[in-house]
Every structure is written in C-alpha cells, then in structure tokens.
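Multiple structures follow.
One chain, chain A, links the two complexes that follow: it is found with chain B in the first and with chain C in the second.
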Partner chain A sequence: MGAILAVFDYTLREHVRRRAWLSTALFGLVLIAGGLVTSVLAADQRARMMLDLGLAAIEAIGLVTAVFLTVGLVLSEIESRAVFLILTHPVPRWQYLFGRWLGTLAAVALGMAGMALLHLALLAALGWSAGGYGLAWSCSLGSVAMMSALSLLLSLALTSEAAAMAFAGFFWLLGHFTAEMSFVADRSGSPFLRGLILVFARAAPDFARLDYRDALHGGAAGGAWAAWAAVYALAYCAACLALAVQLFEQKEF
Partner chain B sequence: MRTTAPLAAFVLAAGIALAAGGRLASLSPRLPPLSDLPDTPYIGQDAALAAAGFRAAAADVAWIQLLEYAAGGLPRWPNPPGRPYAHAEALSRRVVRLDPYFHGAYLYGAGLLGWFGAEKHPDQAVALLQEGLRRDPGQRLYSLYIVALAYQKKGDVSREIAILESALDDPRTPTLMKEILANLFKSRREYAKALALWRAILDDPAQASQHSRARGQIREITALERAAASPAGRRQ
Partner chain C sequence: MNALSLRGVRKVYRRSHLGRVTETVGLDALDVEVRRGEVFGLLGLNGSGKTTTIKLVMGLHLPTDGAVEVLGRPVPDVEVLARIGYTPESAYLNRALTGRENLRLFAALSRVPARGRETRVAEMLERVGLSRAMDKRLSEYSKGMLQRASLAQALIHDPELVILDEPVTGLDPLAIKEVRTLILWLKERGKTVLFSSHDISEVERVCDRIGILSAGRLAKTMTQDEWRGRPDALEDAFAASVARTDGVGEIKL
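And then the complex of A and B:
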C-alpha cells in the first residue's frame, strides 16, 4: 500500500508539474466562448445548452487528457530507463502500474473537478437549478477512468503510443454503438461473424449505457442504475489493469 | 503463481463487468436508434456527434438550426417555392429523436406546425406532441396543446385561447407560444391582453432576440388600441 501511495504521489506531482491542469484553462475558454454564442442563439434553452455543452466539454477534454497522459505513462519511463531505477526498489510491478494509473486518473479528476466548478458557477448565473449534475459528472469520470485503463493496456500491448491512441479512439467510438453491434450480431447469418461482433461488443467499454449526460433531461436515474454503473466501470477498469499487469510482468528489463 | 494471478484477476473482473453490463443495459433509458432520424441534409453531422457520445449536444445544435429555420430558413436546405415551413416537421423530429427528453423542442415544434405562418399543419403538430407523450411522459403541456389543437380544428377559438392561456404560468411555455397567443388576442381585438404578453416578453432579459419584435408589436397594438378607442373606432 505504501508503494502504491508513493508512486501515486510522484505521478500526480509529475502531471501537475507538466501542467496537465492547462486543460481546465482551455475548458474555461471553451465555456465562455460557448456561453457567448449560446446566449445569443439558444432562446428559451440557454441553461440547457450551457449544461450540455459544459458536460460534453468536460468529458471530451478529460478523455483526451487521460488518453494522452496514459499511453505514454509507462512507455516513456521504459524508453528513458527511469523504470529500472524504480523497479530496483522493493516495488512489486502491479503496485507500480496501479499507482501510476491512479495518479494519472487523480490528476485528470482534479482537472475535471475544476472544470465542473467553473461550469456550475456559470449555470448558477443562468438560473439553472435542476439536479443530476453530480451523477452525470461521475459517469463522465467513470468513462474517462475506463478509457485510461484501456489506453494503458493498449500501450503495453502495442508498445507504440501512436497505435495505442488510434486504438483507444476506435474503442471510444465502438463504445457508443454496443447496442447496435448486438443488434447486428443477432441478425447475422454466419455464426463466426456473429461471434466476432459479439466479442468486440463485449470488449468495448459500453459508454452508451454508462452515459447519464444524454439522459439527464429525462429525470433522475434510479439508485440501482447508478450502483450497477459504478460496478461496471470499476470491474472494467480492473479487467484492463489486470491484463496490463500481466503484460508488464512478462516484460524483460 | 506470479504470472497466473493477474489472469485470474482479469477473469474475475471481466465476469463481473459482463454481468454488470447486462444488468446496466436492462436498466438504462432507451434512446431512439439513429435510424429513426428523419432524412435531412444534417444526418452526417448528427451521426458524427452521436458516435462521439455527444447526443444531447447534437440535439442542441439541431435546436439552433430549427430556430434559424423558423427565423428565415436554412441556406443548406431551402424550402420549396410557396411552402415557407415545409421542413419544420422534419427539423423538429430531428431534435426530439436525438434527445427524446427535449421538452422545449416538442412544444416549439408543435407551435411552429400548428399555429405559425399561413400554412398550418395541426395533424403534424399533434403527432409530434403524441411522440412527446410516449417518449417524454409526465409533461402536462403536451396534452394541453393537443386539446388546444383539437379546438382549433373545430374552429372554437375561444376555448383554444382559454387552454393556451392556462399554460402561460408554466415556465416551460416557449416564447413562441406566448407570441402566438398574443397574435390570437390581437386578431380578436383583445389589445390589452396582447400588450401584456408582449410587455412580458420585453421584460424578460433571456428573450433579448425577441425584444425588437416585441417593441414593434407594442407600437402597432397601441396604435390599434387608440384607433379602436376613438369615436370612429367605437362606431366600427
């Protein structure tokens, strides 16, 4: 536990030093520019548009930041040989990997929290007072956590940052079509094709089901839904990290 | 042991994720499939935003385009000659099929189809509101507007106005409906009521885009009111 905390701490400090928080400043600009445009165009729906635009921007910026930071998280340390120095200490590899991932996720979550505070201030100025924001934000964080765990796994499997990023983008898109993929699989005549589509549909993170942003205007989600969403996101992250640990354990340094 | 522990953890976590994913799928709200989107020149834009996971944001963009259309048309999708609001139904349905919980779009679309312009389409407005009742239940204004449209079809304007007036206190009543009601009052020479509605729009800072129209209408209705109050107007 001590080793995980130590790796978590230095990873978080590293990201803060590298100005990962600049994403929050970028978000502020996007939000203010978006706010100016929507206040002119959206008529009765100013608050709604500001809510959707802000939540979408928080998730998009959080996602891009998480993928960029995660794909190079371990590969850069392998290339710079810094990983040798760390692993000469009594740090089990899984604890190193988990601490690195957790530190990166914490840095992204801090940025997303900063964006959410800015966003809520702007929404309050527009008179928005409906609930569900916390759950929508948490689901976005869940999606970002899943993508960062998947990106870490892809970076170790493909050993190339560019390829890992490309595949992460592919899985991100796939994750919004899992229901359609299951539908296509059911209609497929070939058992091989059906099996192949189903494997992709199950392997891709099911963002379409986890997404509360797009259902926020429909009213409050049930407690059971939120609980299952949390279990799903945690289990998906754990599965990706376990495979990443397996790959990392097999690497010869 | 060292190499099998992560694999065992993976199998356990993947099993839990599959089970939780299945449960989540049964509890998640069902959004209309993208194949239900009406055929418009914006289908690529909608699909791209939805594919990136920004469906509500796609509906917001579609909403702005609907407003732009109502305000004077879309350069990319011009109306056929002589049919000024020919695409109003498709553009309204586009918004609500991207986000079935977009209450304002059902109401605005119904207002545009059922009451706005010279060519009215009450049946299309009712169909849109019925879609709202089905996909976005619990919104009292949908059924209220369906009743108002039924009275409009029967030619019972007094009852139609009474129904629309009863919805004015609801904060979800779109400004378009207030404008429609103000015009109905104006056509029935109930100038005081029409003026009150336009003044309320003028006092609302969120409706800045409608303020110049409200000022123009207030000037016109005040002149009509004066003319009606004059001896010649009273004789008429």
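And then the complex of A and C:
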C-alpha cells in the first residue's frame, strides 16, 4: 500500500508540474465562448444551454486529457528509463502500474473538479438551481476512468503512443454504439462475424450505462442505477488494469 | 557465504521483425560468485555483458537458462530488492521532482519507516553534498549532481548489497575520487559492493577481487594479491582475456 501511495503521489505531482491543469483554463475559454453565443437567448434557455454545454465540455476535455496523459504514462518512463530505478526497489509491478494510473486519474479528476466549480459559479449567476449535477459529474468521471484504463492497456499492448491513441479513439467511438453492435451481431448469419462484433462490443466501454442524461430525463437515475453504473465502471477499469498488469509483468527492461 | 551467485547463466535476446527472429547471446554459461563484505569489480569491454549481468541480478531481465541467487534468495524476488541498493550507469530519475521529493519517493519505496524518514532523507542529501540544492528540480541539476542523487537513492535504506553500474563513467576527477572514497567507506561498514567498469585503474584501487567478462563469459577472476605492487598486471591480464565483439577493429598507426 505504501508503494502505491508513493507512486500515486509522484505521478500527481508530475502531472501538476507538467501543467495538466491547463485543461481547466481551456474549459474557461469554452464557457466564455458559450456565454457569448447564448447571450441572445432568454435567461432560462441560456441556463439550460450553458448547463448542457458545460457538462459536455467537462467530459470531452477530461477524456482528451486522460487519454493523452495515460498513453505516455508508462511508455515515457520506459523510454527515459526512470522505470528501471522504480522497479529495482521492492515494488511489485502491479502496484507501480496501479499507482501511476490512480495518480493520473486524480490529476484529471482535479482538473474536472476545477471546471465544475467554474461551471457551477456561472450557472448560479444565471439563476440555475436544478439538482443532479453531482451525478452527472460522477458519470463523466466514470467514463474518463474507463477510457484512461483502456488507454493504459493499449499503450502497453501496442508500445506506441500514437497507435494507442488511435485505438483509444476507435474504442471510444465503438463505446457509443455497443447496443447497435449487439443488435447487428444478433442478426448476423455468420457465427464468425457475430463473434467478432460481440468481442468488439464487449471490449469497448459501454457509455450508455453511464448516460446520466437518459437516466435523469427518464426518471431512472435512482440509487440502484447509480450503483450499477459505478459497478460497471469499476469492473471495466479492473479488467483493463488486470490485462495491463499481465503485459507489464512480462516486460524486460 | 555468498552475497551473490550466478550459476550457468545464459541470456539470449530474441527480437522478431516481420516474422524473422534474430537471437543475440548476451551471456553464455556465466558463473560468478561475490562473497559477503567484499568489493567485486566486473571488468569488460562495451557489450561484454556487464550491464546484462546486473539487470539479471536486479530482476529487470530474466535468465534464459541458469540460476541467479542474491542474499540467499533466488531472483526475481521483490522482497530481496529491499536489501539492495542500485545505481545505473546514468541517473534515470524523474526530472519533474526536486532532489528532496525524489529521495523521499525512493525512501518510501525502499520501506524506510515513515517515522524518521524525513531526517534520513535530509541526512543522505547532506552526505552526498546536495543539501543546498535539495529543493531544486532535477531538471536543473548538472550531470555530477544527478549522479549524486542517484547514489543517494541507492543508499537511503542502508542496503546490505550495493550495485554500481559504471559509477565513474563521465565524471570529473574530483567526483571519481569521491566515488572511490564512498566505495571504501561502504566496505569499511561491512557492505558488499559489486561494481562494473571498464576503467582498470579505478577497479584495481578499490576491489578485493575482479571478474573479467568477455563475450558474455567470465574469462578470468583475480584477487587483489595478484595485481597489488605489480604495475600493469591487471591491464595485461585484461588485454589477454578480452576479445572485441562489437565489430570494431584496432586503430592502425
């Protein structure tokens, strides 16, 4: 546990010093632009537009930041050989990997929390007072966590940051169509094609399970829904990390 | 009792590119034993297998064949790493951290108890002459300072076995003298020191025994009695034992 905390701590410091928080500044620009564009609307419409725009921007910026930070997380340390020194200390490899991932997720979560504060301040100024913001933010963090765990796995499997980023983008896209893919698989006549489509559908993160918009508007966003969404996100992250550990355990430096 | 023993160790690097597999023999039937409390020097040309030997001992590589035992335990073994201090040939440290943060990280990874860790970190930085630069980031350190920071991380947990890979390569004469003094200080304290070098004059000044590596094999071992008081004895033995394997010919005058 001590090793995980130590690796978590230095990873978080590293990201903060490498200005991962600039994502919050980017979000500020999005809000300013959104404010200018929606200034012609009536107050209640404007608040709703800014709410949707802000939440979508928080998730998008969080996702991009997480993927960028995670694909280079271990590969950069292998290239600079900093990983040599870490692994010549009594640190099981899974603890190193988990600490690195957790530190990165914490850095992105801090950025997302900063964005949320800015966003809430703006919404309060516009007179918005509906609930569900915390749930929406948590669902976005769940999506970010799943994508960062997947990116880490891809980076270790492909050993190339560019390829890992491309594949992460591909799976992110697939993750929005898992239900459609399962539907197509069910109607496919070829068992091979069916199996192939299902493999991709299961491998991609199913973002529909964390879609707070549908849940909120459909009135399904109760405690049980939130708990299942959390269980799915945690299980997906755990599966990706377990596979990443398997790959990392076999590496020689 | 031996601090370290390698028996019949063979290491073959396999690389495959477009289905074509190439094999390079890094070590071949290597037998080396290092006794507790001695300073043992691994001498050899570039590519002779010095660093490969050290990486096998540190668990960064796995042997293709043979057995490696460190402090009575077969490696790879994460637990035994808590009793070893290792400095690689270059200071592979995370440059985003300060000298103090870096040492704090390695103290935590090496299981230095939390109580008294800060004192130990400050003492070690003082010992290696970095106390005035401890709050500067490592990206601002000179090569000599980085080498000292790397030595500090190897010694922070008071290890039984200290492994130094090419510790004097690229250092100025004053720094070389300090490294020599450090090795002798470790020996006085009963530590076992294994260091690799191709600098014969350094090795003969500090080692109790040496092993000459050539083409991945142990070509010769010598004790201090065999070279003390006999100028050029070690150099002559070295020249007679090694063969170039890097494809470089002699300089013709």
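In this section, the second predicted complex is superposed on the first by the 241 of 253 C-alpha atoms of A that agree within 3 Å, B and C clash if a C-alpha of one lies under 4 Å from a C-alpha of the other, contacts with A are read in each partner's own complex, and residues count from 1 in each chain.
The rule we apply is simple: a contact is a pair of C-beta atoms (placed from the backbone, for glycine too) under 8 Å apart; a residue touches a chain by one contact, two chains touch by 3 or more.
Nothing here was measured: the structure is a model prediction, and the numbers come from that model.
*Asks:* Contact-wise, after the overlay, does A:H176 reach chain B, chain C, both or neither (first, second, both, neither)?
*Replies:* The answer is first: A:H176 touches chain B but not chain C.
*Asks:* Contact-wise, after the overlay, does A:W128 reach chain B, chain C, both or neither (first, second, both, neither)?
*Replies:* It touches nothing on chain B or chain C.
*Asks:* May I ask you to decide whether A:F200 touches chain B, chain C, both, or neither, giving the answer as first, second, both or neither?
*Replies:* Neither: A:F200 stays clear of chain B and chain C.
*Asks:* Kindly classify A:R18 by the partners it touches after superposition: chain B alone (first), chain C alone (second), both, or neither?
*Replies:* second
*Asks:* In the overlaid three-chain picture, which partner chain does A:Q246 touch, first (chain B) or second (chain C), both, or neither?
*Replies:* first
*Asks:* Regarding the shared-chain residue A:E59, is it in contact with chain B (first), chain C (second), both, or neither?
*Replies:* In the superposition, A:E59 touches chain B alone.
*Asks:* Going by the touch definition up top, name the partner, chain B or chain C, that contacts more of chain A.
*Replies:* Comparing touch counts on chain A for chain B and chain C gives B.
*Asks:* With the two complexes superposed on chain A, say which partner A:W228 touches: chain B (first), chain C (second), both, or neither.
*Replies:* The answer is first: A:W228 touches chain B but not chain C.
*Asks:* So which positions on chain A get touched by both chain B and chain C?
*Replies:* Common to the two interfaces on chain A: nothing.
*Asks:* Under the touch definition given earlier, write down the residues of chain B that touch chain A in their complex.
*Replies:* It comes out as residues 2-3, 6-7, 9-10, 13-14, 16-18, 20-21, 23-25, 27-29, 31, 33-34, 50-57, 59-60, 63-64, 67-68, 99-104, 108, 136, 138, 174-175, 206-210.
*Asks:* Could you please specify the touching residues of chain C with respect to chain A in the complex?
*Replies:* Touch residues, chain C against chain A: 55, 58-62, 78-79, 81-82, 84, 86, 88, 90, 92-94, 96-97, 101, 105-106, 108-111, 137, 150, 153.
*Asks:* Going by the contact rule set out above, which residues of chain A touch chain C in the complex?
*Replies:* Against chain C, the touching part of chain A is residues 2-3, 5-7, 9-10, 13-14, 17-18, 77, 80-92, 252-253.
*Asks:* For the complex, give me every residue of chain A touching chain B.
*Replies:* Touching chain B from chain A are residues 38, 40-46, 48-49, 52-53, 55-56, 59-60, 94, 143, 172-173, 175-177, 179-180, 202, 206-211, 213-219, 221-222, 224-225, 228-229, 231-232, 235-236, 238-239, 242-243, 245-246, 249-250.
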